[in-house]
Amino acid sequence: MGVSVSRGLDRERLVDFGKSVYSLVIVLVLWELVAQLGLIHYYFLPPLSDVLGTFVELTLSGRMLNAAWLTLQRAFVGLFVACALGVVVGVLSARNRLVSWFFDPIITIGYPVPVISLIPVFMLWFGIGDVSKMVLVAVGCFWPIAINARNATRGVDENLVWSARMMGTSDRRLLWKVILPAAAPGILTGIQIAMPISLIITFVFEMVAGGGGLGALEIQGVRSFESPQVYAAIFAIMLVGYALDRGLRSIRDRLLEWT
Amino acid sequence: LGLGLGGGGSSTLGLAFTVPVENLGSLLDIPEIQDQAGNLGDAYQLEVSQNSSTPDSLNQMAAGEVDMALLTTVSYASAVQQEAVPGNISMIATDFWDAHPEHYGFTIYSKGDSDVTEVADLEGKKLGVNSLGTGIHAVYVKRLRQADIDPENDVQFVELPFPSFTSAIKDGRVDAGIYPALFAVQARSEGFNPVFSSQDTWDEEYPFAYMAASNSSLDEKSDAFQAFGEDYRGIVDYAFNNRDEVVSLAAEHFELPESLVDGFFLTEQDYYREDVRIDFERLQAAMDEMANLGFIDESFDVQQFATNEYLPQGSS
Amino acid sequence: MAHADLTAPETIPEPLQGAVAFVVRWIPLLVLAAGWELVSGWMVPEAVLPGPIAVFAETADLVASGEVFADLFLSVFRVAVGLGASILIGVALGIGMARSEPVENVFDVFLSLLYPIPKTALVPLAILWLGVGTSTAVLIVFLACLLPIVLNSYNAASDVDRNLIWSAQMMGTDGRRLLWKVVFPATIPEIMTGVRQAIPIAFIALVSAELIASNAGIGHLILAAGQIGNYTQMFAAIVVVSATAYAAVRGFEVLESRVMVWA
Amino acid sequence: MINGRVTVSDLNKVYRSGEEETKAIDDLSFEVEGGEFLTVVGPSGCGKSTLLYLIAGFLDPTSGTIAVDGDPISGPGTDRGVVFQDYALFPWRTVEDNVMYGLEENGADEDERRETAQRFIDMMGLSGHEEKYPKELSGGMKQRVALARTLAYDPKILLMDEPFGALDQPLRESLQDHLLDIWRDIGKTVVFITHDVEEAVYLSERVMVMTNQPGTRKSVYDIDLDRTRSREEVITSDAFAETKNEVWKSLHEETQQDTRL
Amino acid sequence: MINGRVTVSDLNKVYRSGEEETKAIDDLSFEVEGGEFLTVVGPSGCGKSTLLYLIAGFLDPTSGTIAVDGDPISGPGTDRGVVFQDYALFPWRTVEDNVMYGLEENGADEDERRETAQRFIDMMGLSGHEEKYPKELSGGMKQRVALARTLAYDPKILLMDEPFGALDQPLRESLQDHLLDIWRDIGKTVVFITHDVEEAVYLSERVMVMTNQPGTRKSVYDIDLDRTRSREEVITSDAFAETKNEVWKSLHEETQQDTRL
């Protein structure tokens, strides 16, 4: 009996899965058909099979992995620096009047600056190598992280602070024992917001200034009119984005098991 | 957001160029020069725009945003091969030639006191290039191979915009850079060393930059193109006959120092560009070489993708 | 929160307090600008980092001469169209997906695929399809803004308080009217939140598209100025686009507080 | 007009979510006379809200029927109005617009709507607050707007789910008195849910105690108090204390089995 | 050890925010004996929470003093423990870690901490839930963890701000009995705030009624009930009903002036 129940369930799950992806399947099949029949110019839309072929080819030849490694390295180092600075500045400006007085207006003004527009500036200052990309990623990711850390710290329930106080926690220990853990969800949210920004900046920088990486691979596809390479690079970017998003989520789930 | 200028009954031709002054077609962006085009305004209207790279121009052509564009060896070759523009494209005029013995050819410069003085010294160095996979990049690749240096592994290419080459060489971010005519003026005045030039690389001159149009535009607006071809020929003649005036007009219009433009335009420091008609033989040779160097998969018959029929007969 | 004290000393007469608070509030920015002015031309050559005075003079010049407006208006137009379309379509999609399973089944998978892509990676693809120019920029702005708006309206529309819907039903509202009379208004605050999140994203998308491929617009102006080495103008253009983004965010916040008197 | 007799027969309700089934209501039958004030008390989770939402027509019974004046119901209808514990006011509408909502949906014309709304706003002592939004009101005011909104479109039956549960005692008492006044004036059938025994006994003509989950009828008490007297006199009276103790004991028997502790 | 006498003398508290001043407590004096259970009732907004937080040392009085066993307080101290209405558990700590927090901060060693924590967890009937996070607990369980956490580090004085206000009646009653048992066992001074008169009378030895805002002492009632009897017997007794009515009337006089309606 148990068997039949689980089989019934599996079937149900299968049907649900089918419902949720049938539209994608239709579109993919249409893509292949339309491209194979030549209804759309090859350069605009090469058949899906060609794109996948190119993807496999680029991956096997190592170009794709190499590019992905470059991109990830730049995005990660920048994001990491932004996390360190952003969390410190954010938490301090919520807890310390002087820091808050100094940074609040700067954050208000700095946050809406489209950092992407600084790419030419950074090419000028730091050249076009890895450093300028990493620094710009750090600058771009700093704002959301700092703002979220600040707001999360400000929003810590006063009763929690009072609870700790009455049980004998000193001012200094308060930060570690209460403020940081209580603000952790907000801080992580800031990092989650910053992650796609780090990728955006890296990609655009690679497209504009070259130096390898997935962005360069993609724009090279455009420059040499190899549209399958463009699509394949986007597949890779999608996978990278997906993996990073999942990764952050699972870190969050593990770290914030209590939420 | 179609900002059709003028309009009237005549068709509008969209033209995209990349480098001011160096691309002769860019002169058409200057109103005073447009006044010299007799058919313009009657037989056709013209919309001129500037792009940051030739692939951008090709994509604009593919999307139907412009009808013709200035291209260079590799962008033309790969566009034809990949049929990047639906219905493909045809070259309708030459813009300039590279490696002509009596004219400027792409030259690689290093700093005046640098120990990089000849091709062999480039091994293991950082080389400035505007963009990989272009005809300019091909000059490097061809010469390095001749000198037994592997362009993939033995040197490091650094992509930089041309205007920042000089400062990049000066503060050592790259060891050498390849200069087009417009920027070479500055390199010379800084006292940079020429390491090698395309004349050392190619045995013979070859057409490097071209005016190309999409076949569908040529079909739809053939009368307009005919009239444009005549005007284009006329403008080139006008430029040669009134050099000084054109130099100051161009400098003013593109906001460049007049001395800079005067330092090369239509002198022996400029490319060879007297004849805008297409030389099929040399073009075929250039395309074969691009295939040889691996910039395109295989060569093709240029007769099918180039035509002189829009240019008036006779020399200029 | 008790950080008001620093900004409004009580010993000062009241009418002055506001002014003093204002000045005190902006001192940090002045400090920053002074540091910038010092560094420029002293530690770093002025050509590489023009000082704030030069940059603001150039900005004023750009604005006064009207030189920047053609590019600026084009960019603002691109943002407005892209963002506007993403609001219209995003809200419809979000509410539709939340309240109807077939609609959700069709679109969910595409949005999940779009989600992990940094939208600017689609610029080259957009160039293939649409060429270089306004349509590409608009498409990228649209795509980049779509998800925050869809997600916010989807979540809000799924979580509309059951009791609100029941309230309306007991008073005789049903069917599609329910969407219009209850689900949509109940979702407005989150839609606004989505739009507020989307505005800075829209500007990032815009500048990316214009940097990668464009022949006009403020992003192109920045790149072009950088390429010919006119760094003062480049910085001025950055100031202009940042100010525009800032004004857009602020303007929206004002609008939001007007529209949402009830929230 | 025979108004608002509610007949509940052999009612069962089972919640299904995934593989789990929760029996919320078990074979429940009772009747509320037109114009009667019935209170339902019962342990937490025994199915009181479920019962109310079934009568309102928001949920469908698993089996059994609910009839209003003899006609079985099928879905929500304007003959029954619910007052929710959390008010469920439309936050984007002002007090006046909230009160007018039901009239709007039932085709009353502008003037009529405004007039009726004003009458109920006045009745609830809310005049002067017509243009305020719900967020600007205190809990007690919100609850009165909710009551006005439901009364305004004139349902025969009022269904109230712990409407005063979120309010503090003084506010709660004053709204109880207010509700009693209105009920006496306009004569509606009221089904009132609470877990506060004092409230139940003070307000209603009959109290039904429900068993632990799955809920069904445990016992019913007729309340016989002289309601012409003031609150103070009523709640200090012996009769009140006695009935209250009886109901409390009956409820206590059920809650002793409470396992949440 | 003379344990936990709280002396409040001439206490005043004015809140300032911007230009506005709110007088919350007006010239209040009273004393709670060591080991006494005092309940404070009063209309909403009269300053009950303010009073409690002043005693806890979270807020500074505008004037007047608060002394514990004769020593004026200055800030929070481990001699006074607060149980908050919304529990204020550390959500990132398990039940056990929450209960151990105070011991940790006061330098108890690992073994001692664990043992003490376990004792209070058992006392609260929470064994088996040690490894759960607060989000996995019901309201009643959370409130018991909060109580265990505060009792564990052994403050002389328990300050409780409407600790059972968010719970439904059966749960509330069972926690009240639980609290009474513990209080009898371990003998602490308790200051308990509520707005429920029945709760006040049932729990405490003395009830202090406060006036409307700005709050001060209105009246104090000694409660004389035989607490050896069961809840049922206590609350159905005449003495209980009588005291309750007295307190209720006193409070009612204040809330009649309630203007929130």
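Annotations for the structure displayed:
Just so it is clear, A, B, C, D and E label the chains in written order, and each chain counts residues from 1 on its own.
As a working rule, a residue touches a chain if its C-beta (ideal position, glycine included) is under 8 Å from a C-beta of that chain, and two chains touch if they have at least 3 such contacts.
Here the structure is a predicted model, which means the values were calculated and not measured.
Each step here moves to a touching chain, and the least such steps from chain C to chain E number 2. For the pair chain B and chain D, chains touching both partners: C. By C-beta contact pairs, the most connected chain pair is A-C. Distance between chain centres (mean CA atoms), chain B to chain E: 85 Å. Averaged Cα coordinates give chain A a centre that lies 39 Å from the centre of chain B. Distance from the chain D centre to the chain E centre is 33 Å, each centre being the mean of its Cα atoms. The centroid of the Cα atoms in chain C and the matching centroid in chain D are 47 Å apart.
Shared contact sites, meaning residues of chain B that touch two or more other chains, fall at 59, 62, 161, 164.
In chain A, the residues that reach two or more other chains under the touch definition are 43-44, 123-124, 222, 227. Remark: the chains found to touch one another pair up as A-B, A-C, A-E, B-C, C-D, D-E.
Of all residues in chain D, those touching chain C in their complex are 53, 56-58, 75-78, 80-82, 84, 86, 88, 90-94, 101-102, 105-106, 133-135, 149, 153, 155. Within the complex formed with chain D, the chain E residues making contact are 43-44, 125, 138, 140-141, 168-171, 173-174, 195-198, 232, 235-236, 241, 245, 248-249, 251-252, 255, 258, 260-261. Residues of chain C that touch chain D in their complex: 161, 163-164, 166-173, 181-182, 185-186, 188, 261-263. Within the complex formed with chain A, the chain C residues making contact are 1, 3, 5-7, 24-26, 28-29, 31-32, 48-49, 105-110, 113, 115-125, 127-129, 199-200, 203-204, 206-208, 211-212, 218-219, 222-223, 225-227, 231, 234-235, 237-238, 241-242, 245-246, 248-249.
On the chain A side of its complex with chain E, the touching residues are 157, 159-160, 162-169, 173, 177-178, 181-182, 184, 256-259.
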